[in-house]
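Two complexes follow with chain A in common, the first pairing it with chain B and the second with chain C.
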Partner chain A sequence: MTQIELRGVQKFFGAVQVIKDLNLKISDNEFIVLLGQSGCGKTTTLRAIAGLETIDEGDILIDGKPVQHLKAADRDIAMVFQSFSLYPHMSVYENIAFPLRATRKSKAEIDSEVRSVAKTLQISDLLGKKPSALSGGDMQRVAIGRALVRRPKAMLMDEPIGALDAKLREEMRAEIKRLHIKQGSTTIYVTHDQIEAMSLADRIVIMHEGVLQQVGTPDEVYSRPANLFVAQFVGSPVMNVTDAAVAEKASSVSVTVGDAATGFEFPSTLLSKLNVHAGGGLALGIRPEGVLIRREAADGFMAVETQIVEPLGSFDIVDLKVGSNMLRARTKSGFISGPGEKVFARIDPTQAHFFDKASGKSLEVRL
Partner chain B sequence: MPEEEGSPSGILVSGRYSLASVALTNLDPASRAAARGWSDLTIRNMFIIPTLAFLIVFNIFPLIYSLGYSFTNFAANRSEPWQFVGLQNYRELLSDDHIWSNFIITAKYVIVSVAGQMIVGFGLALLLNRSFPMKGLITTLLLLPMMMSAAVVGLFWQLLYSPSWGPINYAFGLGDFAWLSNPDSALYAVAITDIWMWSPFVMLLSLAGLSAVPQHLYEAAAIDRAGRWYTFTRITLPLVSPILLIALIFRTMEAFKTFDIAYTMTTQPTAELLAIRLYKQAFQQWDTGKSCALAYIVLIMVLAITNLYVKYLNRVKER
Partner chain C sequence: MAAVRTTGEVALNRIAVVAVLIATLIFLAPIYWIASTAFKPKELAVTVPPTVLFQPEVTPFIRLFTKRVQMQKPVDPQVYEAAPWWEKRVYDGGERVLKVGNDVQLSQYPNRFMNSLIVAVISTVLAVGMGTFTAYGFSRFKMAGEADLLFFILSTRMLPPVVVAIPMFLMYRIVGLNDSHIGLIILYVAFNLSFSVWLMKGFMDEIPKEYEEAALVDGYTRMQAFFKIVLPEAATGIAATAVFCFITAWNEYAFALIMTNRRAQTAPPFIPSQIGSGLPDWTTIAAGTFLFLLPVAIFTFLLRNHLLRGMSFGAIRK
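Right, the complex of A and B next:
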C-alpha cells in the first residue's frame, strides 16, 4: 500500500519558479504519467518525490507521512533514470544486486532475488556482462531490474525509454505495462511523449510551465481537455483550434471558423449552452477525426478545397482550406488524391470543443 | 590505368598515393604557409625534426654512451686511458653492503613518501570536490608547494625542523628534538617534506578523476539506499582508481630519483638515498664507470616497478 500526495509544492531555481503550487494525490498501485514539454517541471517534480531535489514549500507525503525532509535513501523509492545510470564498472549481476548489498542482505537472498528479477526481465543470460557490452534496450531492462529487485514502495521513472529508438521504445512500453500489471507498485512515470503517456497511464498529469493543467484518465484528457494547452498537447495529429463565431439560424446554429464566408451547422442547443458562458472570444477545437469529408454535396456539408495530403499509412491527414484557415481532417488512406480537390466537409458537433479564448479554459460544452 | 575504387581523383600518383600531395591538398590555400610554398608535411617536419634531434643528442646518446661506460673503469676527471672491465662494476655494486643499505633506505623512503602523498592528496581532493566559497583560491593555494623549487623547499623545511627555534618542535611540544640530525628520524623528516610538496600533485589528478565520476551515478546510489562509505568504496574509489594509479606511477618514479630535497636537508647516512649515493660516486669520488652501472641498476628497478603498475592499470581499465 503506497499512496503519494503532493500538497502545495513549490520549487524555485534561483528566481525561476519551476513548480507552482502543485497538488496531487496518487493512490496505491496507480500508474501515473507526468506529461509535458521539456522544462515544464515534470522531472523536477519526480526528483523532488525521489528526494534528489529539495522543495521550497509544501509537503510530499508517502503513506500519509511527510518525507520532504528525508534523504533519498530513507524514502524507500526506486527510480529508473533516462541515462540508465548503470554502474559502469560492475557486471549486470552486481548492478542489480547493488541496492540489496547496500542494505546488507544475505548472500543467498541477494542471489535468489537477482536471478528472479533477471528471469522476469529476460536478462538471465546477460548477468555476467558489463553495461558497456549491452544494447540500449538491455541496459534499460537492467536499470528496471535494479529498481524492481528491492520491492520499493514506489517506482519513479524519468523518461526511461526516451533514449531508445522508435521500435525498441514500443517494445519496452509494452514491457513496462506488463511489468506494472504483474508487480503492481505505485508508479510515477515522466515523459514528453503523449503516446507513451496515453498507452501506459491509469491517469495522466499534464504540466505546463510548472503548473498542473489537468489530471485524468487518458480518455478524459483526450476527449475532454480542460484547456487549450491540453487540447493541443494531447493527441496526434494535433487538434484543430480556430477562432469561431456563432450565429443563430432558423432551426440550427451556424459556427463560422475564422473569416470563412459560411459556417458549419450545429444543433440549436449549442446556443443555450454557450450563453451560460457569455464573455470574451470563442475558440473552436476539433480533432481531425471530428472533421468529416465526403465527395458529394449533402445537407450540412460545406464545399472546401483540399491542400496538403499527409499519408500516414493507416490513414491520411488532409488540410482543408476554410476561409484563410486550415482544418486538418482525418480520412481513409487514399481517399483524397492530392491538393486542389473540391470536397464537402462538416464538423461532428459531438466531437467539438469550445474554449474561452481569453483564459484558454474549456467551456465544457457537450453536444 | 583504371582508377581505384574510392580513391579521390587528382592525388593518385602512379597507382599509389603520394603523401606529399595528400598533405598539400589539406593545407588552406589562403594561408601564409601556402604562400611560402610550404606543405603540411614541411610544417610537420619542422616540429618533429628538432624534437627528435634534441632527444637523440641529450637522451638517447647519453643513455647508450653511459651503458658503455658502465662496463669500464672510466673516470671523468682523469685523462688516463680507461679499460674495459666487463661486469665487474655491477658485481662490485651488487655485493656492496653500503649500496644495499642505500636501496633499503630508498625503498623505505619511497613507500612512506608515496603512501603519504596518496593519502593526503586524495583526502584533500575529496574535501575539495564540492562547491564552497573561495574554492578556486583555496585550490590554488594548496597547489603552491608543488610549484616551488625543491632546493628552496629543502632549506625552508630545515628551518621549520630547527631543534632550537623551529616552529614544528614548538607546535608539537617536542623540545629540542633534532629531526634532521637524528639517525632515526632524518629520513622520515625528508619524506614528510616530500609529502608536503607533492601531495598537491596527487590532489590535482584525483580532483580530475573525481569530477569525471558522473553525478547521476551518485544519485542512483542514493536512490539505491547506499550509505556514504558504501558509495565511496563501491563507486568513487573504483572509478577514480585508474587515475590514482597514474598518480602513483608518477610519484613512485619521482620518489626513486629524489635528490635535491634530501641533499639540502640532511647529511645523515641513514637518509642517504640512491640518488645521493650516485651523485657522490659520480662527482665526489669520480668513479664514473661504476656510477654509470649504479644508474643503470636504478633505471632497471624503476622500469620494473612502473611496468608492474602499468600492467595493473591496464587490468583496472579493462574492468
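Right, the complex of A and C next:
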C-alpha cells in the first residue's frame, strides 16, 4: 500500500527551473509513466522522488509522510537505471543480494529471497555470472531483480529499456507489464517513447519544459489531449494541426483549413460550442485516421490531390494537399498508388479537436 | 582479427618489432651492467674491455651486509680454516668482518633499506588514500572554485622540488623533523598528493555515478557506497597511482640527501656514500643498487596490467 504525492514541487539547476509547480497524486499499485522529450524534467522528477536530487520547494509525500528531507536510503524505494548500473565486480547473485545486505537479514533469508526473485525473472541459471557476460535483456532482468528483491514501497524506472534494441525492447515491455500485474507495486516509469507509455501505463503524465501538461489514462491523453503539445506528442503518426476558420452555412458549418478555397463540412452544433470560447485564433487538430478518403465524389467530401505516400505495412500514410497545407491521412495499404491522384476527403467531426491558438489549450469541443 | 594485411603493413610491423627490441636493449643495458657487476669478482668490475663471461659469486653481497676493516697482515691460517664459508670470502679480499664478541656486525645497508621501505610504503599509502578521497570529492560534488582548487593542487608540482630543499631543511630543523621518518613521509606525501589527486580524479570520473546512486537507493549510506562500490571499481586506478607514487618515493634522492643523515636515511643517498675514499668497491655498490632495484621491479611486475591501463589512460575516450 503505497501512495506517492507531489505537492507544488519546484526545482532549479542554477537559474534554470526544471520542475515548475508539479502536483501529482499516485495511488497504490498504480503504474504511472512520466512521458516527455529529453530535458522536460521527467528524470529529475523521478530522481527527486528517489532522493537522488533535492527539491527547492514543495513536498514529496510517501504514504502521507513528507520525505523530501530523508536520504535515499531511508525512503524504501527501488530504482532501475537506464544504464542498468549492475556492479561489474559482483556476480549476478551478489548484485541481487546487495540491497538485502544493507538490511540485517540472515544469510539463509537472503539466499532464499535472491533465488525466488531469480526464479520469477527466469534468470536462475545466470546467478553465477558476472554482469559483463550478460546480454542487454538479461542485464535488465538482473537490474529489475535487484530492485524487486527488497520488496520496496515503490519501483522507479528511468528509461529501463531505452538502451536495448527495438525487438528486445518490445519483449521487455511485455515482461515489465506482466511483472507489474503479478507483483503489483506502485511504479513510476520514465520514458520519451510514447508507444512504451501507452502500452504500459495506467496513467500517463506528460511533461514539457518542467510543466505538467496532462495526466490521464492512455486513452484519455490520446483521444482528449488537453493542449496542442500533448496532441502532437502523443500518437504516431503525428496529429495534423492547422489554422482553421469557421463559417456558418445553411444547414451546416464550414471549417476552412489554412488558405484552402473551400471548407470541410461540420454539423451546425459546432458553432454554438465554439461560441462559448470566443476570441483568439482557432487551430484544428485531426489525427490521420480522422481524415477519411474515397475515390468517388460524395456529399461533404472535398476534392484533393495526393502528394507523398508512405507505406507502413499494415497501413499507408498519404499526404493530401489542401490549399497550401498538407493533411496526412491514414488509408488501407495500397489504396493510393502514388502522388498526383485526385481523391475526395472529409474530416470526421467526431475525431476533430479544436484548440485556442494563442494559449494552445484544447477548447474541449466534442461533436 | 580477420583483417588481411598487405605486404607493406607486414614490413612496417617487422620494422616496429626490431625498433622495440633495440630500444629494449638500450634501456636494459644499464640494468644488466649493475646486475652483472653485483655478482662479479672485485678485480673484474673495472676491466677494459668489460668482462662479460665470469664465474658469478655472492661475495659483493656478503661485503654489502657486513662491517669490515682492511687487514694489515695476512689472516692466521687456523682462524681462516675455522671461519664459515662467507667469512672466508671476506678474508680472501684482504679484509676481516668486524665482530662484537661472536656477533657479526651488520653494515648500515639493511637499516637504510628498511628506512626506504618504511618511508616509501607509508607515504604511498597516505598519498594514494588521501588522493582517492579528494578525487572522489572533486569528481562527484560541485563546489565553489573547483577548477581553481584543482589548479592550486597541480601548481604544487610546478616548482622543481630541489628549489625548496634548503628552506624546507631550515624549517624542518626548527620543528625537529629533520632526519626523521615522519618528516620524510610528510615531504613525499606532499609531493605525490597532487599527482595522486589528478590521476585518481580521471579514474573516478570514469566510474558512472549511477553505481553509487543505485547503492544509495538500495539502502546504503554514501560512505558505504564509496567503500563497497567505488573503491573496488577504482582498484585499477588506485594500483596505477600507487605504482607511480611508490616509484617516486622509492627513488627520491635530493630531499633524502639533505633532510636525513643517520637515523632516517634512505638507501638512495646511502649507497653512493659508500664509495668512500681510495679505490671504490664497485661490486659492493652494485650489489646494494641491485637489491634496491628489486622491490620496485616486483611491485611493478605484480601490478603490470593495472599499470599499462593507467599509462594508456586518457588515450581512449568514451
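The definition used in the following text is that the second predicted complex is superposed on the first by the 367 of 367 C-alpha atoms of A that agree within 3 Å, B and C clash if a C-alpha of one lies under 4 Å from a C-alpha of the other, contacts with A are read in each partner's own complex, and residues count from 1 in each chain.
The definition used in the following text is that a residue touches a chain if its C-beta (ideal position, glycine included) is under 8 Å from a C-beta of that chain, and two chains touch if they have at least 3 such contacts.
In this text the structure is predicted, and so the values were computed from the model without any measurement.
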(request) Evaluate whether chain B and chain C can sit on chain A together after superposition, giving fit or clash. (result) clash
(message) For A:89 in the superposed arrangement: first (chain B), second (chain C), both or neither?
(response) both
(request) Would you check which partner chain A:102 touches, where first means chain B only, second means chain C only, and both and neither mean what they say? (result) both
(request) Answer with first, second, both or neither: which of chain B and chain C does A:146 touch in the superposed model? (result) both
(request) Pick one for A:52: touches chain B only (first), chain C only (second), both, or neither. (result) both
(request) Quick one: classify A:64 as touching chain B (first), chain C (second), both or neither. (result) neither
(request) Answer with first, second, both or neither: which of chain B and chain C does A:77 touch in the superposed model? (result) both
(request) Among 26-34, 152-160 or 170-178, indicate the stretch of chain B whose C-alpha atoms run into chain C. (result) 152-160
(request) Starting from the residues of chain A touching chain B, keep only those that also touch chain C in the other complex, and list them. (result) 50-52, 71-73, 76-79, 81, 83, 85, 87-89, 98-99, 102-103, 146, 150
(request) Spell out the part of chain C that touches chain A in their complex, as residue ranges. (result) 208, 210-211, 213-221, 224, 228-229, 232-233
(request) Provide the residue numbers of chain B that touch chain A in the complex, in ascending order. (result) 214, 216-217, 219-227, 230, 234-235, 238-239, 319
(request) Could you please specify the touching residues of chain A with respect to chain C in the complex? (result) 50-52, 71-73, 75-79, 81, 83, 85, 87-89, 98-99, 102-103, 146, 150, 156
(request) State the interface residues of chain A toward chain B in the complex, per the touch definition above. (result) 50-52, 71-74, 76-79, 81, 83, 85-90, 98-99, 101-103, 146, 150
